[in-house]
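To start, the structure itself, in structure tokens.
Chain lettering (A, B, C, D and E) follows the sequence in which the chains are written, and residue indices restart at 1 in each chain.
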Amino acid sequence: MIATVWRVAGVGFSLLLVLIAALLYGDSASQHAFLNSQIGEVTIGFAVRTDDLTVLLLAVVGVVATCVQIYSLGYLHERAASYHALVTLFTAAMAAVVVADSLFLLLIGWEVMGACSYLLISHYWERREARSGAVKAFLMTRLADVGFLFGIFVLGVGAGTFRISALDPAQIDPGVLTTGTLLLLVGVVGKSAQVPLQTWLPDAMPGPSPVSALIHAATMVAAGVFLIARLYDVFAASATTMTVLAIVACVTMLYAALCAAAAVEVKRVLAWSTVSQLAIMFAALSLGTHEGRHAALFHLVTHAAFKGLLFLCAGVLLHQVGSAAFVVLRRYTRRGRLRKALPVTFVTMTIGLAALAGVPGFAGFFSKDSVLEAAWEHAHGGSVVGWFVLVSVGLTAGLTAFYCMRLWLWVFFRTPALAGAVGAFEADDPMADLEDPDTSKLKDASWLMLAPLVLLALGAIALGYVDGLHLNWVVALASTVVVIFGVLPAYSLWSRGADPRPVLLEREFGVDRAYHALFVVPVRWLSKLSVLGDRDVVGAYVRAVGRSGALASQGFRLLQTGNVQTYLTAAVVGVVALAVLAGVIAS
Amino acid sequence: MTTALFAVAAVVAVVSAVLVVTSRRIVHAALWLVVTLGAVAGCFGALHAEFVALVQILVYVGAIVVLVLFALMLTKAPTNPLPTLTTARSPFAAAVAGVLALLLGTGVVIAFGKEKIKPVPAGDAETVGTAIFKTWVLPFEVLSVLLLAALIGAIALSQRKSGES
Amino acid sequence: MITVANDDFAAGVLLAILALPVLAALALWALPVQLGERLAALYGAVVSGLVLVGSLLLWTPANGWIAYVSGGETLAPGEQVKPLHGVTDVPWIPSLGVRFHVGVDSISVPLIVLTALLTFLCCVYSLKITPRIGRMRSLVALLLVIEAGVIGAFSAMDLVLFFVCFEIVLIPMWLIIDIWGDDHDAPGRKRAATTFVLMTVFGSALMLLGFLLVFRQAGTFDLVQLTNSPVLDGHGVPLAAALLIAVGLAVKVPLWPLHIWLPDAHAKAPTVGSVILAGVLLKLGTYGLIRILVPVLPDATVTIAPYLGGFSTVAIIAGSLACLGQTDVKRLIAYSSVGHMGFIGLGIATLSPAGMKGALFANIAHGIITGLLFFLAGAIKDRHDTSDLATIGRALYARLPRIAALLTFACLASLGLPGLAGFWGEMLVLLGAYDPADSLPRATYLVFMVLAGLGTVLTAAYFLRLVRKLCQGDPAEHPAGAFAVDLSRIELITWTPLITLTVLLGVWPGLLLHQWGSL
Amino acid sequence: MTLTWTDWQAIAVPLVLAIGAVAVLLIDAFWRSSPAQLRHTVVTLLTGAVILFGLVFVWAQRDDFKPAFCRPAVEGPAECSLVFEPLTAGLWGVLLLGGLGVVGLSAYRLLAADIPVGEYHFLLLSALVGATTLAGARDLATVVIALEVVSLPSFALVALRRDRRGSEAAMKAFLVSVLSTAVMLFGISYLYGVTGSLYLTTIANRLTGLDPSMQRVAFAAGLFVIVGFAFKIAAVPFHGWLPDTYAGAPVEVTAFLAVVSKSAGVAGLLVLVITGLAPDGSDLRLVVAILAAVTMTVGNLAALRQREAVRLLAWSSIGQVGFLLAPLAVGDAQAVVGYLAAYVVVTLGAFGAVAVVQRHRPSGLLADYRGMVRSEPGLAVALIFFLVVLAGLPPGLAGLFTKFAAFQAVIDAHLGWLAIVMALNVMIGLAVYLRWIAELFRLPADDPFAVDIETPAVAMISLFAAAAVVVSILPSTLFALAT
Amino acid sequence: MPLVLPLLLAVVLFCLGVYGVLARRNAVTILMSLELMLNAVNLNLIAFDAWRLDGLATGQTLAVFVITLAAAEIGLGLAIVLLLFRGHGHVDADAARDLAEADEREESPT
């Protein structure tokens, strides 16, 4: 009953968002503030605004959320009430971020998303990896949010206002501006899982797939991109921040793409690819040009479509097969069953992967191309950053094509070379049952789940054309070549039945382990130290006071011997002592 | 003259006082106390306080020491020397007393070392009597309450409990 | 400046809510034992409900904030002077210069309402859920006495009266811990109660010394006069007075390293005791700092503020780290109070409008949220007869889904999630630390701010650890107990106001912030 | 010398008490034939009436200033042996109230049967004569003799049951007291030598102009005098006799020692300090301050582990004396008298309660009080209130404010270290009393204490409790005693 | 005559008395030692009186008072000592220890 209410509410709310976006479309930008309180010289309160960016993001969020909500109706049955409620809250929080004109309202949405993602990731709280992944996600984003909060302080106090529309970079001291934006960037990096705060996102995969779709496509991680787009004037005013952003983005996109190339679980590959794609958007933003911003937002929109699609497809795999690990999926695939049993999923996922890989004609191709174009333009302007971004995005495009192809082939196609073997993935799960699964009951998911897939697949193709076709043919050609260069090795490896995964990549460069040793272990030690310190140092003093009191008491009892002459002696000694003492003090 | 008299009495007083606190026979100690008190009375005399000297002899030697001797008898004090009459703490007690004497003696010598007493007779019964009844009426009256209370108290304590044989 | 507004009605209400609980407690003790035991909770609920109504009557939007002065200059220029109302001012002990002077302004009223609310909820809770040992008559009576004492302290406008009210609560609280505390650990609860009362008494004795030094300097104990013409000069006697007062109040707050009484006292106390202790009593310390230390000894406060801030920051970090290592749910929540009170201390130490308001806000928020947390911990403890995490086992989501969900909610609120009440106070405190009063060393405060910010992460870490250890987990390994009943009606009724307020204050902080005027 | 009307008025109270004492003794001695109850009641009522008369008299003249037994001095104001002034009125009020309380606690069925009634009341009144005289005395001869008049009857009272414990207790108290008298007299002799007078005002005048070597002697002399009083009020390290004597004496007599005898000592010391023996800033005040600090610390610490009620009260009374000495060390008479008054009321109450329990449970252990809140709620609540007042915590506001006044006096005199020690002792003292209170609140023991409490005991304890409540609500009454 | 002579004698007697009080075991001998101390007081008083010659005979008067006081004390003291003897069978001051702090044993009421 309650679950039904929340289901309806969830779908309704996300449709409402779409409706609002539609209503607001074309309205002139405006702001409205409410519930303000004056604290000293600054005002703390809430404000909302509407402009193109709001409308765009609201639409994206609304559509993706609608797809996810509807999809979830079919996907999820246990604990549906809390699930749908949280997804709705999640969407609402993202909507708050999108419409916020007050940094505090933005922060509320920003962090409520973190909390919702925590709760949703740990939806399957029976599973160990879900629990730890959720905690990790929350803590890492929380850590970044501290920087974000401080950034708000710095900018807000520096500008004398916490209203986004009132932040004028010209009015802010350059040093303050750089500090503030850098601190905000910390929050962005955390939320969008960029290097060095990237490790939480892949570990968040134990959450339900629709949630992953939501997180990766429209909310949470996209919020970082949105934020910089929203505060683009402020960010662009600080060259230092933009350079840092460029470096972070470039490192991240390559790093994540490499990690994705070695991941052996569909959702994990997709997660790393999100990190990588977000980095591309950041790279575009870091150009500091209008084209860059436009390209980033364009890529954000197309990415929302195809990444949402991909995660929902992965969800179908999980739902119908039970796992999205390569090793499991291969057991179906080696008999060629998977593709045939799940035709719609196969087709839509192929579209999604193509879009992700940047195959010409699909949305991803166009948006990535616009990023490359922007970078190219900028590089021509003599910017080192532009060159840097251009080269990185190019390399990433190749890697993306590689891992998309790898995923597609290994999951859906039997390898002639392996003659029905699972492939290179047995080692991943020695306990896995390598017997043939019962494939007779395998069938495609219900229409509730497939309808969003189809919708998003259409989006993944069509969204590439909404911005109008203005391709720079040189860049487009180059990127196509890069894609081909990425695809070919994947095909070649697959056809030979080999999947070489360097240890370094498989361990994702050891970052996780290093963080564990650098942060988690010391904190555990410190916590132990703190507990012991309280017990054995501070507490010991208190106990020692008590014990010495008791001891003294016992001592005075022992002195009370009952012998009156002892008392008299003590008294006379006391007289002499007092005389001497007072003499000493007086002199 | 008075100085010499005083010196003799003082020496006697000190020697006998030492014996009072060191004698191993209790009864001897009591008798040495008589000597000390007498010698102190002599000192009073030498300081021209004849009335006080007289009272000292009457009250102390005549009454108090007799009381003490009675008490010794009643408490069945042995007449033979007792090795345990002083406690084991006596060296310490001696040290404490010694330090005290040193402190007080030094202080007294420094403060009064140069002063002399003029030998003027001013201690007859009339002087003291007048002082008591002209100036010190209140303490005198209170003293009478004290004597009465002490007397009644002593009697009450000495009575056997009713029912006690 | 404090000005005084004549308001006989408010004065009457204030006196009534001061006197009513005490008289009601005496009357309850006068009842026959059997009748008293049966009626106690209902009686307590009615009385404290009346007090709650009275305290709400005192809540008028017109009243404001005491100005405090630092280094001779007003920190916030151009602010409005807001009056004290509900004033009763009669001589009490003329020879000592002590007056019975009570009144409320907007600093006191929210705290008084909080006190009344929590006491009311404790009484309502006790209607159905009672400690195993029973003796409800005395428990309710003691709760009412504590309520009166705390309201008295929050409305006292005389240093000595404040001191007296500060002490009134000690013996009742000691009894509550000692008699109704953890029934598995009699020596432990005795020790906890005694440590609590002795440390607090020592602290308050030092505070009294500070008051007397103030008296020697200013010749009055009257807070209105003292606030209007504070004891200036940050060295010598005023500094000594400020130190003594600060240390005395710091025991109560409690500030690291004087917090050692708190975990035991909270952990061993019965549910209602923990709620009152954490929700109300701790506020006395921070209220005292704001009401007395800052306005009366402004210069000396500036001198000691960096140290106060430093210890508060240490409290935030050390408290959070200690929480990470706790194995007992009540102890963990208790330690979390150390961290949260550290935030409040830091806010006061900034001496800035934002920090102060943050401290005041965090005071209220902590009372509400920690009250809720202790209610929840008590509920879990009652159901499992232990508060040890390992013994309770995991997967409460499966066994007690509603309570576990509420626990998660309360944890999120307590860790300062924006949108819930816990956020605004801590945010304002950090903002205050970013921009402290001009007379304070800003670089030092920036370090405090960063450390406190890291403290929020640690706070999140231990609360998530709690949720993970308690709520989540494989239900197969931790089957539901036979008598484990999920959220009962009385619990729902008792906790609803707290939950509502947590959300309400989270989305509308202005509700309280407006109270404290435009500073 | 002729006694003037003023002189008679000034000594009226001690005089009436003395006459009353003799009358009581005579009635008891010559009316042996009457039944014990009647005799006891008559004696009690008569004693009470005498003391009550004293109280009424003091109340009527509380604002007067009456120097008595004066002689014109060579220099300065007239030298008087006794002065009745508001301070005296306050001290007398406290002493007489204490005496009255003890008389009430010694009513028929309360006082042990083997104590001779007439002698008991005679000695009690005699001691009161000494106590009142002491509080008004302004010359050293009167001081020392009055002090003896307080002490000697007290020792007789201690041993009045004439048993083994009583005699030992009396012996200890006696020996210590006599030594203290000797020491004090020795000091007085030096004071006389240095200043040539026994009148306190004259001594105070002449002490100021002494050369250094004389000053040293004067200091030693003053020290000896103060030490004499310190013995009497059992300041540490002159306290050894007190716990033993309290434990050995009948409970009523212990109450007397704790209330009247101790108050008299404090009163005497107060008179000495404020009339100029230890003027402001003198080392003697420092000595008293040191004594105060040591006394309260040792007393409270030793009380911490006591298992017997009387012994706990004994040690705690040492601690309380420490708190009394603190304002005394700075010459704040108002604080001292206020503290004394509160102390007297609640100590009487506590001893009254202890006496009730001890009569039925002679072992006197704290464990006997277990569960009393349920079995004897009235008595338990009263006892808790007394203890809370002694600890100085609300609701015992009388104790709180008298401690407060002590703190204020000490702070005003810039004795910061003493104030810190006092703060520490507030904590230790609280620990002491809480132990006892905790026993009362324990769940009922196997055989909880439940008896028919004797009517006079109920009346007296209720009276003390009522008084304690009144002074808790209106603490200003306490401080009005000596203004 | 030098004033210090009687004063030093008094000091010596006083300290001998102190020694006696502290070191002697028998209660009666302790009382005797106390008498020595009181005599030292009297010596002081008389000496100062003779030195001061204030015409009031203050010292002598007080000396007489002290002698009387000593008599009262010794009277009551001996009564107490006798009572002690009746109860304990001896008069050793340091052996009467019934009232010492009972460490672990229960005190036995008589």
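Here is the rule we go by: a contact is a pair of C-beta atoms (placed from the backbone, for glycine too) under 8 Å apart; a residue touches a chain by one contact, two chains touch by 3 or more.
Everything numeric in this text was worked out from a predicted model, so none of it was measured.
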item	value
Chains in simultaneous contact with subunit A and subunit D	B, C, E
Steps needed, at fewest, to go from subunit C to subunit D via touching chains	1
Given subunit B and subunit D, the chains that contact each of them	A, E
Remotest chain, subunit D as reference, centres from CA atoms	A
Chain pair with the greatest number of C-beta contact pairs	B-E
Greatest separation from subunit C - chain, by CA centre	B
By mean Cα position, the chain sitting nearest the middle	C
Geometric centre distance via CA averages, subunit B-subunit A, whole Å	100
Whole-Å gap separating subunit D and subunit E, where each centre is the average of the chain's CA atoms	24
Subunit A and subunit E: spacing of chain centres that average the CA atoms, whole Å	93
Distance from the mean Cα position of subunit C to that of subunit A, given in whole angstrom	37
In subunit C, residues with contacts to at least two other chains	199
Per-residue multi-chain contacts in subunit D, two or more chains	141, 145, 148, 152, 155-156, 159, 162, 170-172, 175, 179, 183, 193, 220, 243-244, 431
Where subunit B touches two or more other chains at once, by residue number	87, 89, 92-93, 96-97, 100, 103-104, 108, 112, 135-136, 139, 143, 146, 150, 153-155, 157
Touching pairs among all chains present in the structure	A-B, A-C, A-D, A-E, B-D, B-E, C-D, D-E
Residues on subunit A engaged by subunit C in the complex (per definition of touch)	35-40, 42, 44-45, 82, 104, 107-108, 110-112, 115, 118-119, 122, 125-126, 131-132, 134-135, 138-139, 142-143, 146-147, 149-150, 153-154, 157, 523-524, 526-531, 533-534, 538-539, 542, 546
Subunit A to subunit E touching residues, read off their complex	557-558, 560-566, 568-569, 572
List of subunit D residues in touch with subunit A within their complex	171-172, 175-176, 179-180, 183, 219-220, 223-224, 227, 231, 236-241, 243-244, 283-284, 286-287, 290-291, 298, 301-306, 428, 431
In the complex with subunit E, residue positions of subunit B that touch it	2-3, 6-7, 10, 13-14, 17-18, 20-21, 26, 29-30, 33, 36-37, 40, 43-44, 46-49, 51-52, 55-56, 59-60, 63-64, 67-68, 70-72, 74-77, 84-87, 89-90, 92-94, 96-98, 100-101, 104-105, 108-109, 112-113, 115-120, 122-123, 127-128, 130-132, 135-136, 139-140, 143, 146-147, 150-151, 153-155, 157-158
Subunit B contact footprint on subunit A (complex, rising order)	565-566, 569, 572-573, 575-576, 579-580
